[in-house]
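Labels A, B, C and D are assigned to the chains in the order they are written; within every chain, residues are numbered from 1.
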Amino acid sequence: MSSSDIFIGETIGTAILILLGGGVVAAVVLKASKARNAGWLAITFGWGFAVLTAVYISAPLSGAHLNPAVTLGIAIKDSDWSNLPVYWGGQLLGAMIGATLVWLAYYGQFHAHLTDKEIVGGPDAETTQAKAVEAQEKGAGPVLGVFSTGPEIRNAVMNLTTEIIGTFVLVLAVLTQGLNDNGNGLGAVGGLMVALVVVGIGLSLGGPTGYAINPARDLGPRIVHALLPLPNKGGSDWSYAWVPVVGPLIGAAIAAGIYNVAFA
Amino acid sequence: MSSSDIFIGETIGTAILILLGGGVVAAVVLKASKARNAGWLAITFGWGFAVLTAVYISAPLSGAHLNPAVTLGIAIKDSDWSNLPVYWGGQLLGAMIGATLVWLAYYGQFHAHLTDKEIVGGPDAETTQAKAVEAQEKGAGPVLGVFSTGPEIRNAVMNLTTEIIGTFVLVLAVLTQGLNDNGNGLGAVGGLMVALVVVGIGLSLGGPTGYAINPARDLGPRIVHALLPLPNKGGSDWSYAWVPVVGPLIGAAIAAGIYNVAFA
Amino acid sequence: MSSSDIFIGETIGTAILILLGGGVVAAVVLKASKARNAGWLAITFGWGFAVLTAVYISAPLSGAHLNPAVTLGIAIKDSDWSNLPVYWGGQLLGAMIGATLVWLAYYGQFHAHLTDKEIVGGPDAETTQAKAVEAQEKGAGPVLGVFSTGPEIRNAVMNLTTEIIGTFVLVLAVLTQGLNDNGNGLGAVGGLMVALVVVGIGLSLGGPTGYAINPARDLGPRIVHALLPLPNKGGSDWSYAWVPVVGPLIGAAIAAGIYNVAFA
Amino acid sequence: MSSSDIFIGETIGTAILILLGGGVVAAVVLKASKARNAGWLAITFGWGFAVLTAVYISAPLSGAHLNPAVTLGIAIKDSDWSNLPVYWGGQLLGAMIGATLVWLAYYGQFHAHLTDKEIVGGPDAETTQAKAVEAQEKGAGPVLGVFSTGPEIRNAVMNLTTEIIGTFVLVLAVLTQGLNDNGNGLGAVGGLMVALVVVGIGLSLGGPTGYAINPARDLGPRIVHALLPLPNKGGSDWSYAWVPVVGPLIGAAIAAGIYNVAFA
């Protein structure tokens, strides 16, 4: 694979991953969406089929990493770091494009949600502490959740641990994928497997932190959230931003280490 | 493939697509259905398995486009427009047959729903503006929704954008399918992949407009809605009808263009 | 395949089909079940994975028809009626064994449900018409629903039509399966496809009658319901019993006819 | 396969099975989880994708039994008991590691749930019988349910019967898997099949006892529950612990016997 194929494949693939992944969160949490309140199962399957679609489309070009942690794990496994910068660059750019496309596809829903008086308080609402908290919970918080993850209980060690464990499972599954498909490349069945593994991680390990398990998936959209002209959008929670970047990278490194010891 | 095989395959396949796709909406929204209120996840999986079943049945005859936007994307990719009219004709005819079969399968439910006093108001109900709106929301609106899509927030540019983005993802996935299956044709696994991609698009991008992403899927059943002798059925919302036709065709053209530049 | 393999395969396979299919209804509707009120999506996926499991287990022995309508369709397609009685016999026997296993697996739940005072009324409850109707709706009706199907709106022509349409889709998909799998037999992927087609038919066409789409699936358990010593079980609704037998056979015949004209 | 590969594969695989399987229960039942109240469908799919992920990862090393009942069934089928102790040892160790990882991933949620005044009663709550029962139902009971199974209606014969029937279906499907995959080993498709069979067993036969269908899945985490320093955790229900060990082994033996008679 040429560097340009890798860059283009990762950019397109990660854009589609985030478009569909962020999209399902928008669909479930925003006002004036037909899917509103469709629940956690809808969100986890939505992210899984986002992986499926993105892998399917980008696998012929770049092998469909779509995740800096996956790229790190494969680099450690193969002791080959030459393409890592190209992968990471495409992934971050793709994630930002995908988040922007979510904003375009749900433009009316974002506006309706963030300007609804019942959700964020009217112009004459008293700006008490309680009102601000309520508006955050019903308005700006869910909107940030369309872009980036945040923990239910904020504790750096605990949140980091959860992200490490989740990404460890993902990357170990991706690395063993080659052992199951007899060297035929990712293909359709491999993409389905990885997609269902991601649904499984979401269902089983998503409860505490919302399962970033992918630095680009969290950082790229958070940057876009900070840049977009959304009304009443609130802050982008930068104090948490390092956790879904560092945690997945640690989890991937552990998975690659165990792979090299037990499976290679 | 002969023209007659294509026409028969697309007619049967699109009929089954719309029978099952319209059927799941009828199952979830109509009175006196065991599936009533089964939710958005049921609707999106129902449409996905409708694609699966229809692809499975029609792939041996026509290659299972089942969607004028898919046919357009493939024609642009291959620079071969010779069969486009046959595909489009079969698709529109099939969609109309499918919508009619939904009406037959749910005949009692349509009648029960549209004549229920609590839903559409009794014969002696005052025909105030408020009553008419309520009857539309509970009665005629959901019934039209069995046939055709409609937006949550009506805005031509926004609705068109959402349909363009959704169809872009679908057609790009369909076009790359050939790269993943090593030229073995659509087959069982390819049909499953496309079906799950459609579930994913529904979950992630269906919130604003109900994801037509297929001109025949929307136009054919809308024509049938206008023709069927349903009591209290209301209008067929023709002012919106061009959006789910034009949007998907634009999205398909963009996907084919990007495919030819980046993947070919 | 020998006659004894066919009979054993169909008996075991249909027993597992009904064990898991009836089981999921018991799980969702009976008192003292962890899955109570898990909803229509659980029921339709449960029946689909029942098909998957049963096909997987019986395919090597009998080709996994598991449904007299499927056997009829294949017999018409192949103009070969020699094994039809063996298939039908195994299917009916298997369905009766499966229904009995549901009763064993949910023995405590059946008893708890049918003797609960809040559900069926206490021993000193006035046996008014209203009380009887309520007890039927909450108690004996759901229990019969574990075994056999029943319509939401009782009308022979309408119910027959719905069962014909649903079975038509199923049998057409089964017949075209051979065209998609390049003559490799049903195998794992083929079984998954048929299972998901059944989920799709359930979601999309199950609303009016509960989608028997299989004479043995309905008749066998209904006989067992009539024989089992369940307290307060009520009648077995024999007046409806012919519809889910005749409808599926008609649907299968139509599917085989269309297959022979358009696909063969 | 060498004994060390088997032991490592079963340990890693069963650890991942229980991490994801216990994880989904924690996600759905514990306070301060994004997935709280996601329902029975989430739990059954979560366990299924836990199987998928664990099979995928461990199949190349150990063939992915991950369940002492499966190992027993295969030993009976092959009349080869040489590796059974290695498999069973790895499975029990892996299950204990997996349960510990669930505790780490949901550390904050366990603490929040078990110390919440509304759930387990405050320090000054009267320790009446009624209070204790309520705290058990809302607090310690669900937490034990993250680790081990328990019946809705406690009756040894009935509970044993349900576990026998469920495991019988699982092991018969695993044994026939070799007949469907033409001797290609478990691979990706075989793992998906078994995973969906487990979803099906959960949906259809999980209602009465919570479907252990695996002695290691229940016993390993129960030991960990007894050892972990969880506040207000209550007892580990050891009186029931033999049922989900003995039942699955009996079910597996019956399945292997029937396999050897009818399929071999």
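Here is the rule we go by: contacts are C-beta pairs under 8 Å (C-beta built on N, C-alpha and C of every residue); 3 or more make two chains touch, one makes a residue touch a chain.
Predicted, not measured: the structure shown is a model, and the values here were computed from it.
With respect to chain B, maximal separation of chain centres occurs for D (centres as means of Cα atoms). Two copies of one chain, chain C and chain D, touch each other, and the residues they use overlap weakly: the shared fraction of interface numbers falls below half. Chain A maps onto chain B through a rotation of 90 degrees [Cα fit, steps of 5, range 0 to 180]. Separating the CA-averaged centres of chain B and chain C is a span of 29 Å. A straight line joining the Cα centres of chain B and chain D is 41 Å long.
The set of chain B residues touching two or more other chains comprises 39, 41, 189, 192. Across the whole structure, chains are in contact as follows: A-B, A-D, B-C, C-D.
Within the complex, the chain D residues that touch chain C are 39-41, 44, 152-153, 155, 158, 161-162, 165-166, 169, 172-173, 176-177, 179-181, 189-190, 192-193, 196-197, 199-201, 203-208, 210, 258, 262-263. The residues of chain A lying in touch with chain B in their complex are 8, 12, 16, 19-21, 23-24, 26-27, 30, 32-36, 38-39, 41-42, 45-46, 48-50, 52-53, 56-57, 59-61, 101, 104-109, 112, 187-189, 191-192, 195.
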